[in-house]
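Chain nomenclature is as follows: A, B, C, D, E and F, assigned in order of appearance, with residue numbering initiated at 1 for each chain independently.
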Amino acid sequence: DRLTHLDDTGAATMVDVGDKAVTDRTAVAEGRVVMRPETLALIVAGDVPKGDVIATARIAGIMAAKRTHELIPLCHPLAITKVKVDIAADAALPGLVVTATVRVPGRTGVEMEALTAASIACLTIYDMAKAVEKGMRIEGIRLLAKAGGKSGDWSAAD
Amino acid sequence: DRLTHLDDTGAATMVDVGDKAVTDRTAVAEGRVVMRPETLALIVAGDVPKGDVIATARIAGIMAAKRTHELIPLCHPLAITKVKVDIAADAALPGLVVTATVRVPGRTGVEMEALTAASIACLTIYDMAKAVEKGMRIEGIRLLAKAGGKSGDWSAAD
Amino acid sequence: DRLTHLDDTGAATMVDVGDKAVTDRTAVAEGRVVMRPETLALIVAGDVPKGDVIATARIAGIMAAKRTHELIPLCHPLAITKVKVDIAADAALPGLVVTATVRVPGRTGVEMEALTAASIACLTIYDMAKAVEKGMRIEGIRLLAKAGGKSGDWSAAD
Amino acid sequence: DRLTHLDDTGAATMVDVGDKAVTDRTAVAEGRVVMRPETLALIVAGDVPKGDVIATARIAGIMAAKRTHELIPLCHPLAITKVKVDIAADAALPGLVVTATVRVPGRTGVEMEALTAASIACLTIYDMAKAVEKGMRIEGIRLLAKAGGKSGDWSAAD
Amino acid sequence: DRLTHLDDTGAATMVDVGDKAVTDRTAVAEGRVVMRPETLALIVAGDVPKGDVIATARIAGIMAAKRTHELIPLCHPLAITKVKVDIAADAALPGLVVTATVRVPGRTGVEMEALTAASIACLTIYDMAKAVEKGMRIEGIRLLAKAGGKSGDWSAAD
Amino acid sequence: DRLTHLDDTGAATMVDVGDKAVTDRTAVAEGRVVMRPETLALIVAGDVPKGDVIATARIAGIMAAKRTHELIPLCHPLAITKVKVDIAADAALPGLVVTATVRVPGRTGVEMEALTAASIACLTIYDMAKAVEKGMRIEGIRLLAKAGGKSGDWSAAD
């Protein structure tokens, strides 16, 4: 095991993927915004029209996926062909669960794009509701699954 | 309580802060990357030169703070005067703890800037170590404290 | 009358606003997307949930206002304090009317920010509905009013 | 007919183009800046060197085409291989007519890139001449033609 | 003497300028593109219309100044109020000399903005002429003068 | 010989590379930051931990390579597959030598990406050390070699 983003001298470097094959790759990532039930109620079923907080966060996540390589220093720019951001209320959390799916026919995977989309969607939810609850927490940003590429398919254990 | 980022019809809107006073504002946010002890060891004390993963994540967090308003749809652009990103190993986690501090003399707070810096630093750590552990999780992205502005000071309960 | 963005030799230059006073400035701009009545119906009252096309265009307009200085070569970066994008259906057009309002306490006006917000919101509407009507046209991108600054207030004639 | 950028639940989504074939695609879009004859004269034939307003607008349009996916939320990032922006005076308008042509070998079309290039070029002209005429209007932003892709060729009716 | 961008532990950090006074600051930087006389002739006096290479490089330099804080990791975002890029032919070099002037009323200087404007203008000249001479070199990117701020005025020795 | 970035009328245009073949292309560029020996000592061997100035400049260069098409008006967006930035001390200069290598399987070369990476890395070094020496100069930004494409391989003469 070694950290592939560091070269032999330990310097950070963008991994050379120029010799990898172009294959169909997908990644799914998740994140959760944990909040008080009252905050969740205000977002989901309150007297504000249902949807605009969620619609805004969804758009923010989609747009962020496209800018992943500008944010994460060693990520490659990729012509991603699909980004989907789903946001669902979870009364047991209580809070909102964000799931982001990204696809690309490319030489490297889109794990970071899916994770970035989920993270920025969660941050947008925080931003839009922070006036009523500053103590919200973003938990469980993680990769759920990836497919394609030489290292093959992978799913989170749980 | 209402969601200030939605107007009377529920449409998303950037809150008008033009009549707020310019005051000195700071915000501190935190995030944690939870990983296997072996992965932490590889980053912190392994045969790779200590620091480059952490140096890269720190830079990514600082740069992301400056782009918060491009990522979070309703955030105001701010001429932030300080961003500091600290990254410390926590053997008990096990993993890395990221703390981001942002300051501005402005009409609105920098909570989102601090949270964005912490999030992108965590994502960068994930990116640089994902070749050895895809199952890392980013947990506990949250505001630790804020100071300044009309709503005054605030600290996380724990 | 002269073009203030060209210097004495005719070269493009960013006007020096460093000696102007910081005053409260606002600008309101408008744009219209003209479409077939069936397309308008599909967006506004069809079996698609009302609002998401409009919610997406509104967010796109707000975000674009913040990036005006990156797009328009000689515009100054400004810490805008408010962006509001309203989108209304107009059956007589038929189509959608976008109105963007931007405010800043600054040394120069926000006309271009308002015009850019309106333009990008219109383009987003086009993008989301172009699968059903490629022939839509964007008309009447114009400044409705501005206030503040040495040149004072101004309103469109009609 | 349906709005392809909304999924079954009405949520905005980036259309998955991953299964589409890579074909040669082009799009041509147009926009017009309507102004007083004196303003047009100042830009085109006055004592300012001919060309710098037009040169600046042309560059702004070309650069904007490359950033379309950052501005229009559901547009795909594309490695466009050509952008051409032509700007011609039209004494009968009176004003300037902007024509933008974009090409890509890709899985999706470049209509939005051409429309964005035309729009930003028009806005840049407005910016550079607004000191002499705030009442200029941008009219007729529209697609003139597209070629390539499964939906085939298309031209504007007139 | 110490490197102010490193904290006590040697970690990179954005210097906190929040307690500095807002003063009028300017910076002037220079860069030179050295080329063969034939290449210079082609740019300046050849059968291509004089000006478009230079007009394009000037616009690129102005736009880059506004994005300095996105490119240089520890630079502060600044609401710069003026950018001027002058480009002159120098037959003795032979080549083109770029001079960039930036101004801001701010808490920190604009040296990096001026240097970035000069650098990107030089790179743009290289890009536009590289088809005829790949061996051009960019020399002498340096600060000529700065004014304002606690450290006071400074000029290059020669 | 002609300037390929200007069309027949002398207007700036992005060269149409749509008909070029996709080939493996690399480019190597260099830049040098010339400074006093004391400044070099402070960066390389002083009591600040070795590496953070260099680590920051390396990251800045890598990130800038990915944004070349946003900075250089007529550059094509490219899905680059590798960026490597090496920074070495040169006591004889005295100063630091930056070498940037970029690779892409594409229709056009990556000379500008390598030159931009080298330039921004040099500017970052200047930024981080300018508190101790404002008179540093960036010299010798140039292409060392390119490979691939119809025009074939090329190396600098010396």
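By our rule, a contact is a pair of C-beta atoms (placed from the backbone, for glycine too) under 8 Å apart; a residue touches a chain by one contact, two chains touch by 3 or more.
Because the structure is a prediction, the values reported are computed rather than measured.
Where touching is counted per the definition, the chains common to chain E and chain F are B, D.
Counted as hops between touching chains, the shortest connection from chain B to chain E is 1. The mean-CA centres of chain A and chain B are about 15 angstrom from one another, to the nearest whole unit.
Remark: chain A and chain C have CA centroids separated by 30 Å (rounded to whole angstrom). Centre-to-centre spacing of chain A and chain E amounts to 37 Å, using the average Cα coordinate of each chain. Multi-chain contact residues of chain F (touching two or more other chains): 11-12, 49, 52, 55-56, 59-60, 63, 67, 70, 73-74, 77-79. Shown are all chain pairs that touch, namely A-B, A-C, A-D, A-F, B-C, B-E, B-F, C-D, C-E, D-E, D-F, E-F.
Contact residues of chain B toward chain F in the complex are 49, 51-52, 55-56, 59-60, 63. Taken in their complex, chain C has these residues touching chain E: 7, 11-18, 69-70, 73-74, 76-79, 106-108. Of all the residues in chain F, the ones that touch chain A in their complex are 24, 55, 58-59, 62-63, 66-67, 77-86, 103-105.
Of all residues in chain F, those touching chain E in their complex are 1-6, 9-12, 31, 38, 42-43, 48-49, 52-53, 55-56, 59-60, 63-64, 67, 70-75, 111-112, 115-116, 119-120, 122-124, 126-132, 134-143, 146, 154, 156-157.
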